[in-house]
Amino acid sequence: MMNDFILFLPEFYFTIAALIYFGLSLKKTSEPWALQKWALTLAGIGLIVTVAASRQQGMLFFDCYRVDLFSQVFKVLLAMGTFWIIFSSSELRGIDGRQHAEYYFLMFICTLAMMMLVSSVELLTIYVAIELSSYSLYLMVPMRRNADEFSETGVKYFMIGVTASAMMLFGISLLFGATHTTYVSQIITKLPALFGQPVAIVGLVLALAGFFFKLAVFPFHIWAPDVYQGSANQVTAYIATASKMAAAALIIRFSALSMGASHELVNFLIVICVLSMTFGNLVAIIQKDIKRLLAYSSIAHAGYMLMGILALDGRGYAAAIYYAMAYLVMNYACFMVIMKIADDGHNLQIKELAGLHKRSPLLAMTLMMGLFGLAGIPPTAGFTGKFLVFAAAVEKGYLWLAIVGMINATISLYYYLIVIKAAYLLKPVQELPAIRIDRWTHAMSLILVALMVYLGVFPDQFVNITEAAAKSLF
Amino acid sequence: MDAIFKDPVLLATVVGTSLPFLSMAVILIFTRHNPMLSSRISVTSIVVAAVCALLNLAKVAGASHPFRFETAWMSSGNFHLTFGYYLDPLSALMLTIVAVIACLVQIYSLGYMSGDPGYSRYYAFQSLFAWAMMNMVIASTLLQLFIFWELVGLASYMLIGFYYEKFSASQAGKKAFVMTRVGDVGFFLGIIILTLGFGNLGIPDLNNAPGTGTITTGFITMAALLVFCGVVGKSAQFPLITWLPDAMEGPTPVSALLHSATMVAAGVYVFSRIFPFFAASPNAMLIALAIGTVTMLLASTMAMTTYDLKQVWAYSTVSQLGMMVMSLAAGGYFAGVFHLTTHAGFKALLFLCSGIFIHEYHTNDMRVIGKQGGRKQLVPMICITVGALALSGVPPFSGFFSKEAILGALNAQANPIWLFAGLFGAFLTAYYSFRLIFHLLFPKGGIEEKHAVHEMDSHGHKEEHHGGLFWAMAVPVMILACVTVVLGFAEHSLQGYIMAGGGAVKHASTAATGGAAHGVVGHELLVILGISAGLVGIILAWFEYGRKGASRNGFLSYFPPVWKLFDARWYMDAFFRWFLDTAIYSGLTSIFTRNDRRIIDGGIDGICFFTETGGRLFSFMQSGMLQYNLLIMVLVAGLAMLFFIV
Amino acid sequence: MTGFPILTAILMSTVFGLLTILLIPPERTKLVKQVSMFWATVGLILTLWLYFNFDHSKGGLQFVERVLWVKSLGIYWFHGVDGINMPMLLLTAVVLFTGVWTMWELEYRAKEFFALMFLLVAGVYGMFLSMDLFWMFVWYDVSLFPMYPLISIWGGTRKEYGAMKLTLYLLAGSALILPAIIYAWVQGGAITFDLFELQKIGFSLLDQKILFVMLYLGFGILAAVWPFHTWSPVGHVAAPTAVSMIHAGVLMKLGAYGILRIGMTLCPQGLGYWSDLMALLACIGIVYGALVGLAQTDLKYVIGYSSVSHMGMVGLGLATMTVSGINGAVFQMFAHGVMTALFFSSVGYIYDRTHTKMIPELGGMSKTMPIASAFFIIAALAGIGVPLMASFWAELLVFIAAVQVFPVGGIFAMVGLIISALFMLRVVQRTFYGERNEKFGHIPDVSPFLAVPRIILIGVILFFGFFPKVMLDVIQSAVIPFVGSF
Amino acid sequence: MNSLNTYLIISAFLFSIGLVGVLQRRNLIGMLISVELMLNGANLNFMAFNRFLTPEPVVGQIIALAIMGLAAAEAAIGLSIILALYRKMHSINIEQAQRLKG
């Protein structure tokens, strides 16, 4: 029993945190900065707890819930993402002060849900976890204050989300019918035999649709641009970093369990992957709003992750995990800069970056490193991630896929360079004051830059961890 | 290293040939702002060089076999190149000629160039030139020779374009460099082919190669002709004649240096240098002979129409070079070399004399000079006449002997046409050179004393006449005049000197002097013909320009088209210009440039544009209308199902 | 790895330079320059030490440092020098040193400039030193992307267009390189990125064909192989002086070096298959570059196209697959690097003073600034291939090999010599001779201090022109066994 | 008549109606209801499969119950969001909400 408790410790902890903030949200008035400070503390402890529990292994709840290195790695990533987002929620002007408590409450709930997501191995559990995380996001997105032009975001996100989840549920029901079980492991064992009959196929595709919706892979990406653009910067950052982790983990686990899945499945993944990369990068070229641009780039990056996943072997999953890790860091670096610059919570346009290198060289450098990382320029983490992913794909014989990926990387470099150009080159229209950054942010930017370079240059131990995690999948 | 000090010959060679380079370096780096010092440095170094050259001349005479010093320079794979000196009678003689002429010219320049803003630069380039030239002469391998040959070209480019503010000057320099480059590429290719086919570029080895029979005649012909391209370029043979007259844009001493003994003679020198190799291929010799002849005649005709002193000498240089090539090609090895020697003397003399006139009267037009009383300048007037006499082959001047030798060589050819061509050339030469002399001596309508101007600038020169500068110019001229007078009588000693030990050469030349063993005409007759050809030319010139009430315009002026043809250099320049403009500039270049901008670059930009447009198109997929997006999503899911089921 | 890791030290000299520069407050530009100068000097000294302690009689890979870096993938921190990258290192050190010195007058955002420059050079050193495919690619890209800010911030004509074009174009090239490298790794059993172990494995003919063409096109873009050369003039025109120096002088060599080091080492048969194509493109490039150069009116465009022509020479040498050819190619890389650096630094001086590099607007420069002009003219002569300048030997060797292997192409390429002479002299004439343009009459000549770097470059050109042995012995110590391994 | 296929057909029918409704209705409430239909289709599936294929354990029914709960929550959230939107643009017609695109 005690052992089980240890296994469940991170989730339990975050439940407590959520409850605390639920209580706080009932209060009439509360100091935003105090809320943030406490939330930060809680998240920090949560991170420590998660790290502490990272070596646990075992099954819970009648084998619906699997705790292994894979899930724990992702839980660490989730906790870290949450911690970072809360860290830079210090100026949460995008959301009405009265709702801050709820904001943190929902964020903890969502983190909890996603933690459950990454270790649940049973369809109902997965479904419940997905819904839980989605619901909290549905509520976080429309929280944005005085943003009339974005008021539609919430409802769009909601509608797409529920549709997708309905499709997924229907798919799950069919899978259940086809395989008479809801345990993914058993389903997978039975599935290859059933690829003949439509029921299984339809079920699988519909179920995958729900997962891809979380990861925002083409064509289930349609919510992403609007949501990224329409919700408060912090929320966007949260969706772009933490929830991406969960989605990636979900898909990795699902396809990892589908060992020996049919050739069609792989082809399907390839198609999706190429489409996502190409679509995301092409459309990103013409964006003016940075958050929307990053939305499209995130679609492309989902494609890159898929490239690792579709290798369907240990190295591939390891690559994908590493990629997710790198993506978390780089993407957060970019968003942190954005949140700092747009500290009044408005939507940042690319041209507003003009003269950033004067206003705050450090932030400019962080942004540049982050973007170069996303573009896959060595020696940043992004390059190593791409390298591993391509290596996995080529090892499976998809040389052309790697070439397509690299061409896409070149295309993506174009719009990243446009942003960098704005930050380093353009003269601002009117002289803007220097951005003052507290020493924490200062430290954080340095840490992020260091981390990106370190991940890129000394990937050895991380690669080992990811490979161990990938092994723990089977 | 210490080997250098052991061997006096080597020591002399090293010192003599490297001092000019040092002086150049010193001048360029340190003493640019001190003209006097620069000139002193340069002159001393060249004097030393000349002395060393003379020493070597003597040494080589004594030696039984040629001196050869070599040291590894570079090696790549199985291709090895040595840097070295090869001193045999020929190179020793040539070295002496070069050093002496360069020396005299530099001394002369002390006067001529005095007060020029680019004084230091001038001497730096002079030294560079002397250095390159001397090293070329004594190079031990063909490639080393080529290297310094190129440097000679470079130095002459600098010297010809010395007055670089003048567009024509820089143009002429460029023209000289590029046109000789055309030939050099052939030369270069020839060297490469020799490397690949024969593998050894040592000059004596090349000369002995035909005997050993390691290489086929066809190969020899090809290589020889390619090398001959270089000769054509440097020695301004047909069709690459026209750069040389333009090269007169340089200061007169430069013309004297370049066009008497050194740069342009380099081509002929190379020819004689590997003469046995050439001789092994009758076809190559024949072609060379033809080219030499054509060159000589064309150049002489051109010389008949111009009124520019230096131009006349330039053309005559070309024609004389043609002469030498002819004689070499006809197997007259010694004759060619001997004419090279004598020509060096009297052509330098002629140029330097005209230099004095030009310096005095600030014009190149012979008529003007004559009008302004050119004949009053006794020293140059006498000397120039001596030179002209030598040039037109009048005994007892040096030119006479060498020309006779050449005619002898031509005479030995089976086909008499070459001999007659040679005689005709001699006639033309005599004609145009005395046309010039008479222009100076008996100007049209006598001398008009333009007191105001003339007084003043003659007054300006008054000091000079007695000052050192004038003598700096006069002395070298006199020396050369004496040389011109006496050199001819040294023919036989020289012959003995050159032919000594040159077994291959002897053999080759006897082999090459084709069919008619006893010649077309007898020896005595030949001498008479030779002299008479010259005299006829002089007399004709006298009738047209010299005698009282002469018409003062040549018989050519009765045939305007011909005159025009000659005056326009047989339209060769026009042809080159046309070729350059149409084929290169407005042809390939513009096409390629457009291709670069439009097709290649345009293609790249097109791809980028295409990508961006693709982005715009795809972005329509993200319509604002929620349900369209949902529709897409559902459709793709449906397609995926079909993809699986089907 | 035994003893002091000098190669890593050379590499780190730039990295430390980068870091130390980052620590300096931006307004203290003087200090920035001094620091950069210091680190550049350190690099130069170390490299010289290396050059003169390199034992060319022994040949082979020396000063080897080999550490396992990423175990599961078989990535090594593997450095070594042999006769092929030794000259390149020397070149890099010299050009960096002179480049920093040349930019001494830079004031605008100097800190960022020198930081990026050191980052770039770190990439170059790394690429030259590393013998591990992974690191090679990493350094390769590291050396590419700083070009964007360097050009777009400090550049000149159409800088943003030029910068974007150059960066994207070159990185598009690496879109072929990375897959190729990974493919090689996979074909080698996915256990090692060590170049020489992969060489030992030896690929099948088909793989070699695929790999080589990918690598050739990928690196060829950077080496300005003919149809992919257009970025080079545009980029050079846009770039600031020192960047042009490093870029044309060193970075373009990375391309050729990549073809030689990776492409030809891993797939000699592939090269054998594609060599005709290579030679063809190279010959076209030689003549084409010279011809297009004839029509240019912008000094930097002229130099850019001359680079195209000269890099064609390198490609031709490589395509011959003979000792002389490859010797010549490597020597040409070195010679052309120094020469172009000299070109750009002298043009840079003129441009900084007159604010124009349009040939028609200049003219008579030799009167105004004799020394600066002399520098350019010497560079031009080197470009023509005048003997006793380094590039002459390179061209000689290349042509010997070319005429032997591709007679027609070789002879065709030699015609390029005439044209290049024509266009170089044309530029010299239009720019430096003729009537001086009084507008620039007042401009001072190069100060002795700023003359030093140019003189160093000239010295290098002449030294290796007079004593080619010093370099050729080093080069062929590697090339002879290399060619033997085909 | 009382066979699995009947239920499957009905559920597929429900699901399709829901899907079409979502795609075609412009009224947000209508769309929400359509989504509920889709969920119910799924529910029916679970029940049917449970009934005909896997009598023991009663997973299907459990899932169905869970889904009902979730659906209720979903409806609540959806309605609240729609309400918020209505406050802002005084309409619940999705055609009014087309600002974000491209």
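For clarity, chains are labelled A, B, C and D in written order, and residue numbers in each chain start from 1.
The working rule: a residue touches a chain if its C-beta (ideal position, glycine included) is under 8 Å from a C-beta of that chain, and two chains touch if they have at least 3 such contacts.
This structure is a prediction, so every number in the text was calculated from the model and none was measured.
Comparing chain C-alpha centroids with the centroid of the full set of protein C-alpha atoms picks out C as the closest.
Chain C and chain D have CA centres that are 65 Å apart. Mean C-alpha position of chain B lies 37 Å from that of chain C. Inter-chain centre distance (chain A to chain D, centres taken as mean C-alpha positions): 27 Å. Distance from the chain A centre to the chain B centre is 78 Å, each centre being the mean of its Cα atoms. Chain B has residues 608, 619, 622, 626, 630, 634 in contact with two or more other chains. Chain contacts: chain A has residues 156, 159, 163, 167, 225, 283, 286, 414 touching two or more partner chains. Touching of two or more other chains is recorded for residues 19, 22, 94, 97-100, 102 of chain D.
Every pair of chains meeting the touch criterion is listed here: A-B, A-C, A-D, B-C, B-D. Those residues of chain B whose C-beta lies close enough to touch chain D in the complex are 619-620, 622-627, 630-631, 634. Listing the residues of chain D that touch chain A in their complex gives 8, 11, 15, 18-19, 22, 28, 31-32, 35, 38-39, 41-43, 45-46, 48-49, 53-54, 59-60, 62-63, 66-67, 70, 73-74, 77-78, 81-82, 84-85, 88-89, 94, 96-100, 102.
Considering their complex, residues 123-124, 127-128, 131, 135, 138-139, 142, 148-156, 158-159, 162-163, 166-167, 169-170, 172-174, 176-177, 180-182, 225-226, 229-230, 283, 286-287 of chain A touch chain D. Listing the residues of chain A that touch chain C in their complex gives 357, 361, 372, 377-379, 383, 387-388, 390-391, 394-395, 399, 402-403, 406-407, 409-410, 413-414, 417, 420-421, 424-425, 459-460, 463-464, 467. Chain C meets chain B in the complex at residues 165, 168-169, 227, 229-231, 234, 288, 291-292, 294-295, 322-324, 327-328, 364, 366-367, 381, 386-388, 392-393, 396-397, 399-400, 403-404, 411, 414-415, 417-419, 421-422, 425-426, 429, 432-436, 468-469, 472-473, 476, 479-480, 483.
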